[in-house]
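Since the structure comes first, as structure tokens, the remarks are kept for the end.
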Amino acid sequence: MPASPAQLEVRGIGKLFGGLSALEEVSFTAPAGRLLGLIGPNGAGKSTLFNIIAGAFRPSRGAVLLDGRDVTPLGSAGRARMGIGRTFQLATLFHELSAMQNVLQAVLCRAPRRTLAGLLQSEAYRREQQACEARARQVLETLDIDAYWNQRAGGLPLGVRKLLTVAVALATEPRLLLLDEPAAGLSEEEGRRLMARIDATLRGRCTVIVVEHHLKLIQRFCEQVIVLEFGRVIYDGPPAGLKGNTRVVDAYLGHD
Amino acid sequence: MTAALLAQGLVIGLVNGILYVLVALGLTLIYGIVHIVNFAHGEVYMLGAMGIYVLHVAAGWPLPLAMAAVLAASWAAGVAVERAFFRPLRGQWLQLVVASVGISLIAQSLSWVIFGAQEKYVPSYLPGVVQAFGVRIQLERLLAAGVALALVAGLYALVHRTRLGMAMRAIEEDEETARMLGVDSDRVASTTVGLGFLLAALGGALVAPIYSINPGMGLETILMSFIIVIIGGLGSITGTVLAGLLIGILQSIGALAFGAEAATILVFGAMIVVLILRPQGLMGRA
Amino acid sequence: MNAARLVVALVLALLPLLTPTYAQHVAIVVLINAAYTVGVYFMLRMGYLTLGHAGYIALGAYTAALVSTRLGWSPWIGIALAPLVAGAAGWGLGSLTMRLRGIYFSLSVFAFGEIVNATFRAVPALGGPAGVAGLPRPAFAGIALESHLAYYYLVLAAALACGTFLYRLQGTRFGFALLTLRTADEERLAQSIGIDTPRYKAWAFAACCAAAGLMGAVHAHYLRFVGPSIFTFLYSTDLVVFAMVGGLGSFAGPLIGAAVLTALGEQLFSVGYYKSLVYAVILIAIILALPGGLLSLPQRLRRAR
Amino acid sequence: MRRLLLTAGMVLTTSLGVLTAPPALAQKIFKIGNLSPLSGPGAAFGIGIQHGAEMAAEDIGVFQVAGERYKIEVLPYDTVYDPAKTVAALNRALYSDDIKYGFILGAGVHGAILPIIRQSRFFDMFLGAAGKSVTNAENPTVFRFMASSDQLYSTFTAALYQKLGVKRVAFLGPNDDLGKSDVRTLRELIGTLKGQAEFVGEDYFERGAKDFGAPLLRLLALKPDAIDTDAAPTGTVALIAKQARELGYEGYFFSSTAVLEAKPIVDIAGKGADKVIAYRVWSKPPTPLYEQLAERHQKKYGEPALGTVWEAYGATRWVVEAIQKAGTFDTIKVADTLAASSFAGHPFGPASWGAEKTYGARRQIQTPLPASIIRDGKWEPLDVRVGTME
């Protein structure tokens, strides 16, 4: 897989919803290839930040840079093509499509559209098509869910669906991957296995940012942790530093 | 356009508008609870008028009795339709819409067969005309508008003051939770559809003496009602009322100023603009 | 499969030679409706119900009518322009209403159809309430396609063009990507994997409106007449009925639905409301009892045994 | 209920007509198509034609052509006033049910079918008000068995305006080619009256419209003393009269080209129905035949005979007579024979072909025509010295 991990820089991001400010002056850098954890109590602005990085929301202030290139003006589709992939909290998938087709949708976004060639059913087009299908199957294999390839995505068990969302994101060959609570709704054990697999498959291939509630998981897998509270960064450093940091501790223990 | 003409146009528009509202309200209620845009609604309206003709004029029943019978029948029909078609198809919006189209086709074509093509007439409930400030308006229209207004108020009270209303709003907010809180959503659904049908039938019954009656009369009304609920916001009572009056006036003033077709284009144009700028409608929740 | 295709092709090509004129007329109407219905199906497959398809058909038909009568140009020019006009209109509305889905989309298209019809009725230059009469039949190799048989082949060609276009379009990556627009969530996911959903919707709508426009033009030259009383809301609903009755399971569904119901409708002549009555009853029966449509009848029967 | 049976009967006969396809058999039956709206707004006219033709068929019984014996059968085809459906119906009549003679109702649908008629020489017993566009030399097999608008206007309008002292005329007609062409006719005509009356304004309504508030307000602001409702059908005229009176209008209504009945108008408009004027409506039966048919219709179909019944009856009788005279079913030969003939057996009285100067062909029926006015809820004759159309 050619894609090389990208460095993400977030510069002075602010976001206002109506009058309320969800994010203020959020800045941090995720070096290429890093597995970075983003934590914080509910309503701290994690999802907002995610949506801004992914291009679903426009920030009120600040900029998002991928390998030093400003991607702020792009929408989600554009950023996806730039190499920013993401998953959604509630295992969002194309429910009517099979697992295979779900991934295929993502793979095809890397292939040229060439609709005219498709209408003429040119040989080259068909070959590209087959290549993409092979690729999709391969992605399913890497996450070890190829057994389900032809089952309707909507009908799969939650654990598999979670992995499938990752597979879909992965199939776009992201250089930065945003995982929104991948372990949500899973048992601690399942969650750990999931993270382990993600870690195993992605390590070194792309930069990853995980929003997660289970501190344990974060501490176990991430080299860098960012803690948000009330839309501000209150900690940016190695997981080891979390324990000692009083603000983080009472921010957390204060809430849950 | 002279001031007197404008005033007259406004009054006619308002009266027509409030009558549209009566039919549109049923649509919006049903959509709010069952999430179906009921294409058969116009036929209920038509059958309401037809019922009055058959019972009151043809069979010679006294008006109150005929009226009561029509309302009861329409309610029953609503409950039946909900049971037979809407419930089994719940959640499949496409099938629901198309099924309601089918029901409307059946109702209309059967009516052509049974009642025939001859226009039917119902004698005025309240003949006469009132005149004020150079504006003339038929008493029967005022009566119809008055009843409609009262009903709208009553409905508003029902939805916001009664248990049933609470249940309805709960389901509208979030059916799952409502269910968990022990709301019998099936019963509420059939009640709502019954209520919606009753309103439509009443609309027809009130209009019967104002215009003539034929099995095709439902179509124009249903088109109008769609526009109204879309502009007002599917599921919003206040929105429907506002939009109804708005459309009534837009139509009559538009027709006065530019003619009938221009008015039609104006009205549908308004609907598209709303759909583009504010798809959830003026009062609808996004 | 290919053998089957060959048989169908041969039947379509040769049968009319052996059938009486009336059968040819029915065949023409069936093909026209089938082509329209396929367009409706194309949108249904994406999860979008068009309740105003007749509006786009009308755009094509009127384009052909006005080009050949008012401008006096060759009918072929009109037939060539029609899909462009209808497609452009489809693209326009598509990009304006791209935020809409479900019933809201349906009603926006419905409103558009009504506006188109009201406009043609209102503007005398566009035929007004009387419509446009006296369209010539296009000539092929110097021979005007006057006879039913001759015109049948033009209709067949147009229908195949529409059908093949939309069918192959489904097979392309573009067509495949159109399956990701069903719900708001899925659309968000689609964007997150790089699908520019609004543009896709607009183009998809443009494609099936263009097909409708082409067939509309051919339809107009068959009738030699266009008028606001032809392409009404009820026509649009008929098309939806055809698609649903045929079944949304595959591309064959709408074809079957259109063929069966149109041929049937032509038999229920004496009184129009019996036609709609029969249509409606069949529709309801199918929706409640045979969700897969006529398409799923065979395997349903097999399961029954 | 009875209509349910009737229509069911129609369906049956048609499907039978379809099944008994083999020409060898069909020879014994002379099929006349009734291509007209049998459902929807215009249905009353179509059903009237069906009844009129059926009663004529009864009276004709079995007739002989070139040694063969024939019985008449009237096959209904519902066109719902829709040109496309009319084309479909005509195709079926011609090529499936092999019918060469038929009633085709409505000017609006003829734009679509005239090419087919010219091609196939279908014998179109045309009932409808369109002017030169349909009745002309290019359509030798199209005969109009109903007074045309321009005929009615030129026959009555001037004389009546004078008699009733009408000064300001407004027009409120159907929004289709008919209304638009009739308003032209009326304007020209008033133009020729040199100041005796003036045309103050026009407006239109959609077929099946029920609320005329806006157009009426616009017109009444122009203070007319006569409103011409053109071809508005009975129900529409009734509603227009009712609503106009409620808005304070006291003048006349000229239902110039419609086929009107008094009762519904009186039912719905009450006193307001007075001063409604219509042509072609007989306040008392013009002929014994008319009277006899009216009674028979009441008995046979359980409802009063509608306007088109008379025209359809007369047409069927006259055409069959011409076929017998011509000794063939060839529509061109029959057309020539018919055009050269006159007919005594029309319910309205002696009928012939005229208005050649206007139409360039002898294809327009000429019969005695009355003008009547509603007074106290009843038709009364308006005896006027009528002109005729060359």
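Chains here go by letter, A, B, C and D, matching the order in which they are written, and residues are numbered from 1 within each.
Definition applied: a contact is a pair of C-beta atoms (placed from the backbone, for glycine too) under 8 Å apart; a residue touches a chain by one contact, two chains touch by 3 or more.
Source: prediction; values computed, not measured.
J.: So which chain is the furthest away from chain A, centre to centre on CA atoms?
T.: D
J.: What is the distance in Å between the mean C-alpha positions of chain A and chain C?
T.: 42
J.: Chain C to chain D: how many Å between their CA centres?
T.: Computed value for the inter-centroid distance: 36 Å.
J.: Taking each chain's centre as the mean of its CA atoms, how far is chain A from chain B in angstrom?
T.: 49
J.: At least two other chains touched by the same residue of chain D: list those residues.
T.: 7, 38-40, 175, in rising order.
J.: Where in chain B do residues touch two or more other chains at once?
T.: Those would be 109, 112-113, 259, 261.
J.: Of all the residues in chain C, which ones touch at least 2 other chains?
T.: 121, 271, 273-274
J.: All pairs of touching chains?
T.: Listed by label, chains in contact pair as A-C, B-C, B-D, C-D.
J.: In the complex, go through chain A and note every residue touching chain C.
T.: It comes out as residues 54, 56, 75-78, 80-81, 85-86, 88, 90, 92-97, 101, 104-106, 108-111, 113-115, 118-119, 121, 125, 129, 168-169, 171-172.
J.: Show me the residue ranges of chain D that touch chain B in the complex, using the header's touch definition.
T.: Those in contact with chain B are residues 1, 3-4, 7, 38-44, 47, 175, 203-206, 208-211, 213-215, 217-218, 221, 234-235, 238-239, 246-248, 264, 267-268, 270, 303.
J.: Tell me, which parts of chain C touch chain D in their complex?
T.: Contact set of chain C toward chain D: 20-22, 24-25, 29, 121, 128-134, 146, 148, 223-225, 227, 229-230, 266-275.
J.: Using the touch definition from the top, list the residues of chain C that touch chain B in their complex.
T.: Touching chain B: residues 44, 47, 49, 96-97, 99-100, 102-104, 106-108, 110-112, 114-115, 118-119, 121-122, 233, 237, 240-241, 244, 271, 273-274, 276-277, 279-281, 283-284, 287-288, 291 of chain C.
J.: For chain C, which residues count as touching chain A in their complex?
T.: 165, 168-169, 171-177, 179-180, 182, 185-186, 188-197
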